[in-house]
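Same chain, two partners: subunit A is paired with subunit B first, then with subunit C.
And now, the complex of A and B:
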């Protein structure tokens, strides 16, 4: 252990807080730019005859695009640190450059994707590009800032064996994986299909029939991020925050021993039980959808006797 | 020939074993792909590569830190650290994802592959919503995912341990960087192989696909991973 226990816990708490913000903002960035799996529906809609005003980015899978952005920020930060810049200045400039590069990818990706849909008459709205791109850059800047800060703290304060860009790359990939698994469900499963009945899964027949009208006027990506910021984003933040905090907490307290590993197993058991409680709760609230055939037969047999 | 040295052969075999472990691990993780992101299928709403690599790399961070700061750490402890990091990442993801399925999209968790959950014994088929292939993350999928992530993290820890042992005498200061990047590469290779086998989605150990595709995928992975091991040893030829 490099630091004493109190300081280690303080640093760990800071890492957890940074990770929570990064996770939340990463998911919101993927909602405002429409990326990853739910974007398949945004892409499909014009082919089904549903033209829309939603940004259509999907640079690549979320882990890769966020990994690229974070590693760009990490490299610039490392170069500036070698040039004797203050760490905070170096991280801010690094994150800004990475976010601007990300913005370039977003615009070319949007223009390219819409251009490929010419035959379905999907227009390329210049106002959408003008209003949404700065929002994408802003969200990505905060994500990059938090991730490169985590990498800097791990490298410079905690003494991890990997360099800042490599740590930033790993956390970029992880935040993308969590954002894609958690927050995107809120965007893809709920926000895009608010026209389905609440309390059931999405019928495959509804594919491509995304909601195009907003609370007021036509829906755009800014409306989507407003909605997802209420639940999808914070839940993603909790996911990454828990990951960063609990993956280091046992070894911080109990050192590099088997005891720490056993504590890790206990954390996993607690999480499994929590998931089970959520499962019981939601099963009681919604469903079952079909009547149990065996029970139905038993009831009918009882009636005939 | 450096490749015929018994220690080197053992290293290559260990890298092959770790890669195979990662490939096997991916089959345990309930990957729902794009349909799960729209609550149309059971599992986590993203792809195999994203999940396996994302969780495995968190395991790589924890195992590398263990290796760097516990000089007496044996291979089992480094593997356990990797397993713990990866499993906690995936458990956190599934827990947060479960909250979205339950309270954001509002769907009961149900597997479409089994009639009853093997762990809780609860009926699944009656909770499958119309026009879907199940939804959410039932207990069996959660447990299967945690076990899978732990296996993957342990595999990553083993590769890192083997490569650090090999590279450290050659390039003292940069050994961690080369070993880390190479471990990441092996993760990606072995996350892609199962994607072809499972066809994008698998619910976990209880899915009939599991028994069908695991032998073929594991065999492919063992060969490919050993090839990776040979390359890892060969690139050390220029390190002096």
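And now, the complex of A and C:
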């Protein structure tokens, strides 16, 4: 389908918006279950004597698990489109089935991982299982809906020569990779170790000594997603949204020409300079890692808790 | 744990290879058999992943599953495509090719990268062969038979279902050990979980097969859901047996920390 400039900009804006929502919700979904990087500390905690009430969703890394959910949604949507369903209905049903399957994988990983920690006396809390799994399914449903919608728009409106499952899989891997690299920092360093000085780095002796108590009562995964929704999730959403927008914007305006290529290179150069400036600022503010007295005391206090 | 009786690797390999090949060869008569064969291969290769990943491959478990499917899909396509005059030899040729690729990659990991894992070569061979059987089995369940040019390309590759076979098949193989990782991991629980993940994959293939095959796809879907219910229940029984305690809610028990 050939679109005029206004329509193609509208489609691009829609893709960017869908990608922003998908990126944000993907990061929050991984935080509900403590997936990916922060997972290692949740997994390690019982071994260090720190039993907890946090969900342990070990469905491999985020790119692989989100790829699975997106490709499942893509296949189901293809089947329903083939059976002459309306596109929106097909995408919603596809995303729902994919999210439920994702939730099933989440329950098995929580139950399996906790059952493999018997010698550390980590209990399997069924209330955590009951109210965290629906939250994971709900978050993943929105992610999958957005990704399959992007794949459908690319396939049906923009006329990409690939199938919907293929495009959905690529988007699933991308959203997982960006969620893992942008958003996890906010959960890992800032939430699990919020009783340490910000930017202090993680001493090996502190491994597994995660914060387990909340403002009121014991901390659980819903408390974590509440925290991450303030910054980590939106930052990931902007990350993926901008990636989608800036990678397609030059070719939308100037077509597949050298001019568009040059604009792309300029965008890349500006981004690189901005990244470097942020990095220099962070290094000046926090400096190299050094162990101070307070931290040693914190370790000994943690031992006596 | 050594005090518990485990099913020996050779028995599981026999179960995976014979079950997988039988299912694939029955698939032209009854496409659901292809998916059942693939579940046998999933159970076998998930246990092979367990044996090799027990040597401290924490984050490496998903990578093992992906490399297994990578080796498997190359061997499956090669094996099925090269036998033009005798299509019946295809699955066996794919199995042999996958084993050779797995053996070479395992040999490299052991002797060139020097990973020093004693079971590396054997397990890489097993998971590559298992990966090939999983790919062919689930593809045959969607395509109706294992004729590469006539059925698998138009019914599995062209509509993108192959990506689900590849990706969800890899998850079915790698998830059981990844989800049960820990010092008190048990083989029995892992095998039930492998059956469960295999059955979920079978149900997804059933949905895809309703598009390509119609009614026999619905049979795959329904049988997949029933098998999943059985294996999932068995997995939970094992969790209730193995876990330190399963409680509705409660405070954190006191420890020294």
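As a convention for this text, the second predicted complex is superposed on the first by the 277 of 305 C-alpha atoms of A that agree within 3 Å, B and C clash if a C-alpha of one lies under 4 Å from a C-alpha of the other, contacts with A are read in each partner's own complex, and residues count from 1 in each chain.
Rule of thumb we're sticking to: a contact is a pair of C-beta atoms (placed from the backbone, for glycine too) under 8 Å apart; a residue touches a chain by one contact, two chains touch by 3 or more.
All values derive from a computational prediction rather than experimental measurement.
Peer 1: Put the two structures on top of each other at subunit A: do subunit B and subunit C fit, or clash?
Peer 2: On the superposed model, which is not a single observed complex, subunit B and subunit C fit side by side.
Peer 1: Going by the contact rule set out at the top, does A:250 touch subunit B (first), subunit C (second), both, or neither?
Peer 2: The first partner, subunit B, only.
Peer 1: For A:96, select first, second, both or neither according to whether it touches subunit B, subunit C, the two together, or no partner.
Peer 2: A:96 sits against neither subunit B nor subunit C.
Peer 1: Which partner does A:166 reach: the first (subunit B), the second (subunit C), both, or neither?
Peer 2: Touch status of A:166: both partners.
Peer 1: In the overlay, answer first, second, both or neither for which of subunit B and subunit C A:278 touches.
Peer 2: Once the two structures are laid over each other on A, A:278 reaches subunit B alone.
Peer 1: For A:72, is the partner it touches subunit B (first), subunit C (second), both, or none of the two (neither)?
Peer 2: Touch partner of A:72: subunit C, not subunit B.
Peer 1: Looking at A:184, would you say it contacts subunit B, subunit C, both, or neither? Reply first, second, both or neither.
Peer 2: In the superposition, A:184 touches subunit B alone.
Peer 1: After superposition on the shared chain, which partner residues are touched by A:264: those of subunit B (first), subunit C (second), both, or neither?
Peer 2: first
Peer 1: Is A:61 touching anything from subunit B or subunit C once the two structures are fitted on A? First, second, both or neither.
Peer 2: A:61 contacts both subunit B and subunit C.
Peer 1: More residues of subunit A are touched by which chain, subunit B or subunit C?
Peer 2: Per-residue touch count on subunit A favours B.
Peer 1: Looking at the overlay, what does A:50 touch: subunit B (first), subunit C (second), both, or neither?
Peer 2: second
Peer 1: Quote the smallest CA-to-CA distance from subunit B to subunit C in the superposed model, rounded to whole Å.
Peer 2: 5
Peer 1: Give me the intersection of subunit A's contacts with subunit B and its contacts with subunit C, in residue numbers.
Peer 2: Dual-contact residues (subunit A): 40, 61, 162-163, 166.
Peer 1: So in the complex, which bits of subunit A are touching subunit C?
Peer 2: Answer in residue numbers: 40, 43, 48-53, 58-61, 64-65, 67-68, 71-72, 74-76, 78-79, 82-83, 97, 101, 104-105, 108-109, 111-127, 162-166, 169, 209, 212, 218, 302-303, 305.
Peer 1: Under the touch definition given earlier, write down the residues of subunit A that touch subunit B in their complex.
Peer 2: 1-2, 36-38, 40-41, 61-63, 154, 158-163, 166-167, 170, 173-174, 176-178, 180-186, 188-190, 192-193, 198-207, 231-232, 235-236, 238-240, 242-243, 246-248, 250-251, 255-258, 260-261, 264-265, 267-268, 271-272, 274-276, 278-279, 281-283, 285-292
Peer 1: Could you pull out which subunit B residues touch subunit A in their complex?
Peer 2: Within the complex, subunit B touches subunit A at residues 33-34, 36-40, 44-47, 49-51, 53-55, 57-58, 60-62, 64-70, 73, 77, 80-81, 84-85, 87-89, 91-110, 120, 122-123, 125-132, 134-139, 142-143, 146, 176-177, 180-181, 184.
Peer 1: Write out the stretch or stretches of subunit C touching subunit A in their complex.
Peer 2: For subunit C paired with subunit A, touching residues are 58-59, 61-62, 65-66, 158-161, 163-164, 167-168, 170-171, 174-176, 178-186, 189, 193, 196-197, 200, 204, 207-208, 210-211, 232, 235-236, 238-239, 242-253, 255-257.
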